[in-house]
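Notes for the one structure printed next.
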Amino acid sequence: MTKDKQSPLRWFFSLSGSGVFVALLVFIALVSIAAPRVTGGQFFTWSNIIQVFRQQTYIGIIACGMTLVIITGNIDLSVGSQLTLMTVLCAQFSNAWGFGNWALPLTLLVGVTCGLTNGLLVSGLKLNSFITTLGTSSIFGALALILVSGHTLRAKTALFDVIGTGMVLGLIPVPVVILLAVVAVFAFLAGRTVFGQRLYAIGANPVAARFTGIKSRREVAITYVLNGICCAIAAIVLLARSESANPQIGGSKEMDVILAVVLGGTSILGGKGSVWGTVIGFLFIGFMSSGFSFLAFSQYTQWVIMGVILLVALAADLYSEKRGGV
Amino acid sequence: MMRAVKDTAAKVDAAGKETGAAGWSGGAQKGAAALGGAAAQKGFGRAVRDFLFSYNSAVIFAALLVFATFFVNKFSRNYSTVIFDASIYGCIAIGLSLVMVTGNIDLSVGFQAALGAVVVVQVSKLTGSLPLGVICGLAAGAVCGALNGAVVTRVGISPLIATIASNYIFKGIVYYFTKNGSIYPEGELREALKNSISKLWLGGFKALALTVVIVAVVLATLAFIMRNTDFGNNFYIAGDNAEAGKLAGINIPRAQFFAYVLCGLLCGLAGVFLASNSGAAVYTQGEGRDVFAISACVIGGIKMAGGKGTMLNVLIGILIMRIISTGMNLMLLPSAWVDFVSGVLLIVVLVIDKVTSVKTEDA
Amino acid sequence: MKKCIRGLASVAALCLAAVALAGCSGGGGSAQKAATAPADRNGDGKVVIGYSSIAYSIAVLPQYIFAGLEADCKTRGWELQHLSAEGDAMLQGEQISQLIQQDLDYLVVFPADPMLAVDWMKEVSEAGIPAVMIHTDVAEVGREYAKAYCGPDNYAMAESLAKAVVEKYGADAGIGIVEIGGVPVQSDYIERVAGFDDYIKANSNFKVLGLEWAYSNRADAQSYMENFISTYGNQINVLMGFDDDLTLGGVNALQAAGMTDVGVYSITGQKEAIQAIKDGKMTMTAYYSTAATAQNALKCIDDLAAGKTIEYFHYTDVPLITKENADKYEGEF
Amino acid sequence: MPNGELGDLLELRGIEKEFPGVKALKGVSFTVRPGEIHALCGENGAGKSTLIKVITGAHAHNAGEYLVDGKEVHFSSTDEAIGLGISCVYQELSIAPQLDVAQNLYIGNLPRKGRLIDHKKLYAETSRILAQLDLDVPPKTPAGELSVGQQQMIEIGRALTRNARCIIMDEPTSSLSEKEADTLFGIIRKLKARGIAIVYISHKLDEVMMLSDRITVIRDGENIVTQDTSKTTQDGLIAHMIGRSLENMYRKDPTEIGDVMLSVSGLTRPGVFTDVGFNVRRGEVVGFFGLVGAGRSEIMRALFGVDRYTEGEVVLDGKRLRAGDPPGAIRSGLGFCTEDRKKEGLMLRLTILLNATLVKLPLMSKYGVIDRAKQREEAHRYVESISIKCPSVHQKAGNLSGGNQQKVVLAKWLMLAPKVLIVDEPTRGIDVGSKAEIYGILNELAKDGMGIIVVSSEIEEIMGVCDRVITVFEGRVTGDFPVEGLSSDRVLAAALGKAMAQPTGLPAAPPDGAGAHTEDTAPATTVEAAAGTPDGQGGDEA
């Protein structure tokens, strides 16, 4: 008869992103050994781990939203420009236009509007999600540049201070707590709710989804709105940390986000993947860049190695899927 | 190049008459009725509308040209600049269009071109000979294209993610060389590089610069190859219905692979033009060129799903983008407006394409 | 039904494109009568100054350079026509060739890269428009095409800071220095890094532990500083930031790590930086006044208009602000 | 050129083909002479499509000989067969919609002048072929703009461009209008006159009788009989097609039938089905029988709301279902196992757990949050109750066998305990063992009072599983017979649009020795085919 629980090992390796997790552990071990010799730095310390989390928060937050979009088989290339637009607007709301702490809800509102625009175009008019979000990316990026010209973009309010430098229980920085909260919410949404499970169905087989009574248009539009909200939260966290915004802050960050999601085992074709996998993905990138600075590698080596690792991870994923039957 | 513009008008009318001819539509069909052939007799209004739709990119081009000429001051004096700048960046879009026709995409074209420029400069610096530098630049482009082609067609990784990965690799290599500012060969070699291709103007007309002539030749040869050789025709079949192609014994992956190689080669050529035009290779030559190329292709009329779009479409797309950019400059508007208008146009073209898509719903 | 949707969509496309372009064609020269000032070189009744900049919205400093130019032009009743390439060097070349068609009287250029600027300035001088470089100079070989350079001597400015560091710690103190730069491919930053590193290498046994480029993103600057701290820990004695906006990111990291004894040197002299010096969180910053640079540029134009021959370099002097003289200086932004 | 004994163009002797778990062809012998129209008939799953795939080189045969022009051949790919003049027009058209007509005709085989494509010749040849097919369409029109009928002509034309000597046509008229079918027959006769052999595969026996020179019947992977058309009658054919004596493999034990659960009246969708009406009672299993393309699946898709219908009313347990609203239909208790499991029924990349519980998820959750324990428990309950063989519910559905996949789809709907469950071709492509299991499940469901509609084109399945049979021919209901004491000939006849005058005994089934294929002429049965008008709505009794 059917066993209920798989063996824990088989369960672990069936999780998306498990291969990358092992690679991450190996990488951390290597750097922890090599770093003291090269630069004398201690890599694997609590403060450094927290630091990696802190630096990756805004990529991680957007990656959660992007995971749901990709699970439905679509993509959102406009997150970079959305992040830029919302960081700039948040600074304007709080400072130049004098809304103070009201800037936060207003930024979330902008996030919902951008998400809705993408959602209506992609699922409403059924346009190709790649080209449409490329178009909206140009539009949002242009708006950020046009809106900002001539204003100093400071964001100095008590609330921003708390978000930027506050610590919870003296151990974990506030932005990291926000990141963990967003991860928990989206992991719950994807894994434990009807809406989330339906996203997998839409991504795996949109025709069959229709036969099980899923109106996929509504679900896909919601994922884009959620993605917009993630960009807003990320913008607030980014602004709180850097206290100043400029209209190129999100430049081509969408590539890092997509990289994190795909490294986490989410398939670009849809129907496969998890938010936890994405967490591993963006941690991998965070520890990678932190590790590289420990080994005094510079920016260009990181990009080249990151590109190669992505190709290898994808090839391995394809090979295991072919061998795994489906 | 003005000849090309007249050509479009001539060809457009001829084709317009063609599709209007009668064709009898089938009777009852399973599932949604396929788009029946044009009704035998066609009202003039309907014929114009159909013509407008099937050639919407040409219409947008004509509208922009007319608008810019009358409403933007001194635009009419800048036709040659538009054409010259189009030739500098055009090759990237032409290369990308080949890949898109076979149903794939390439997000790394921007930095393939920048890599080409870097190789031209580095090789001519090391060997002291400019021609060798140019050849190596083209070769570097072809190698990048081959890498993308192999990863997509042999390993089977989806084109979007594969080229995001390769974009990181090329960006890293370009940044390694140009992180301390622009790189350029020394002394008279730099003069040679600067005055090589982009400054040789036939008969002194900027519109007839060597780069423009080369691009015109490239466009003509590719159009010829795509139309008249099996090698080129297979690009369309690979994009339109790969299954039908396979059944007819066509090696589809091979066609898609060569599309990537040709795209890389043309990006290398664009790199050579960039290096010669500014006499140096610099990091920003790579930034943002892929969005320009994709927009030019899609607005020009290359279908994202593949199988449709000629060199004429690419030419129109590139000219549209250049008219917008140069027009904005002459109107002293911030460059952000260029992104805004091209973003809006991209979505408008998608909507029109959706409304008039010829593809029958699969039964 | 389907047919008429298509009709609407196509017509919408046409007028959208037209409106988008028409809507923004509000710009263009506005003809208002001005007395024929000497600066009216081309005698078209009005003085038009063109300004081509590599950056405007994307960073704070360029915005203040523009504000300075605009204010000075207004006082002179001149008209300023500005085009910014927002970081795209190729676009700046195109913008310059289109700007010089606007029958300008004079042109001010803040170029992306000295070498690329050589061709641009050649084209400008062939068009017979006198040009003044601002904040970043054109390369040696292109200087014949420009009339003057107003702005900081980036190399000397950084060198003066390096000298201050060597004097403070003593030439053979063997201290460790970490550096945070701005936009890697922008030549003003490159000259600053060169100026600082050359002097340190020549006059001391100090070690430059690492250099990271944070573009114009203070959050990234803070991340890189955090990485430096966890990598090198107490080997770090001095942080050299090549722009206050980014250095302040490094200061945040140092404060968080409690490393208050690290010397922090920087350039620009923003309000926040001066305040940080007063609070002892920063040691020194070179005060670079964008307003002074803008005034110099327009003064050069006045002299050119008056027919005087002016020498090429007009360096804005860059006083070093320390805790002692901090209250004498007021940051511009 | 008369179809005299010119030596066979194609000859297959004792061809066998085995797939994992299923022996599709158990020794088929089949010959095609030049200039002959040879029809191939047989029920679904009899092995016809496998045979075509062997002939066209898409599949390699495991045993037996395959001779072309008398020489043995082993094809490894389709274009080798095309090279020898054997091409096929599949039911799923392979048309490149953006390319124009000429490009589609000469795909992969464009006329050359030296190394370049000769456009002048291409369009000249195209016009010649279009004239032959009397298809009045400009050569430059994109193929996507043509009707399905025209596209089919293009595919046939494509075979002609490869100067095919034998063209195989798989269900060519299934999606053609009357007018288009006649045009096709005219073309086929013209090709025959030019000495081209046609292998014509169709369920429409009247077409087969009218067109073909010889007919071969295939059943269970063996060829039963090859006869000259002139010497056979439709009923003889039917007898051969269903051949097996009718003691059912499976007989449903009777269930007490309750009141009407689902009543459908006047359901119409122009060109697809017209004026369809029937009732399904509680605990009753209603079978829908008809040929491929008769519109049965389309009727079910309309009931469920996936496709629209212009007129008609569907009332489920007193509640009227809105057209085009699958979630509404599900909520009111309608379940639908679709015909194409892989494309419309399952998410192969997802786990069995999710596939099975996907529809019932909203009911297994509070405020949108899934009760994981309940989900797993429900999944296990059904996995055990209909014995789906799988190591764990966390396994991917794609790794299951055909039978188990169908059970997962069944489980998906059973969880909702629908009032009426539609099952479309429940046992297609499933091993015999699982078939019986699925019939058992359906039987249990009927006993528990669920109304079931079984759409099938296997006559013995219908006769075995259902209480009542409704036959559909070209979108119209042509018969509604209770299964008690019903002979399959009458059902088949009704499904072919002909009313049988009166029931007849079954001619003695020829001995079905393995591989024995006798060229005999079945005794002409006495039934004269009544005029093809369907005898309207009601059957004899109901």
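Lettered A, B, C and D in written order, each chain numbered from 1.
Here, a residue touches a chain if its C-beta (ideal position, glycine included) is under 8 Å from a C-beta of that chain, and two chains touch if they have at least 3 such contacts.
The model shown is predicted, which means the values in this text are computed figures rather than measured ones.
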item	value
Furthest chain, CA centroid comparison against subunit A	D
Pair joined by more contacting C-beta pairs (A-C or B-C)	B-C
Subunit A and subunit B, separation of their C-alpha mean positions in angstrom	31
Distance from the mean Cα position of subunit C to that of subunit B, given in whole angstrom	35
Separation of mean Cα positions, subunit D and subunit A [Å, integer]	47
Two or more partner chains touched - positions in subunit B	175, 179, 334-337, 340, 344, 351
In subunit D, residues with contacts to at least two other chains	none
Residue list for subunit C, restricted to those that touch at least two other chains	56-57, 86-87, 213
Pairs of chains satisfying the touch condition	A-B, A-C, A-D, B-C, B-D
Touching residues (chain side subunit B, partner subunit D) in the complex	18-19, 21-30, 33-38, 227-230, 233, 236-237, 240-241, 243-245, 247-250, 303, 307-308, 358-360, 363
Subunit B-facing residues of subunit A, complex	75, 121, 125-128, 130-132, 134-139, 141-146, 149, 255, 258-259, 262, 268-269, 298-304, 306-308, 310-311, 314-315, 318
Residues of subunit A touching subunit C in the complex	35, 39-43, 45, 47-48, 51, 54-55, 58, 145, 148-150, 152-153, 165, 238, 241-244, 246-249, 290, 293-294, 296, 299
Residue ranges of subunit C touching subunit A (in the complex, touch as defined)	56-60, 63, 67, 86-87, 209-210, 212-213, 215-220, 222-224, 226-228, 230-233, 235, 245, 249, 252, 256, 333
Sites on subunit D touched by subunit B in the complex	77-79, 82, 94-99, 103-104, 107-110, 112, 115-117, 119, 136-138, 140-142, 144-151, 174-180, 270-272, 293, 298
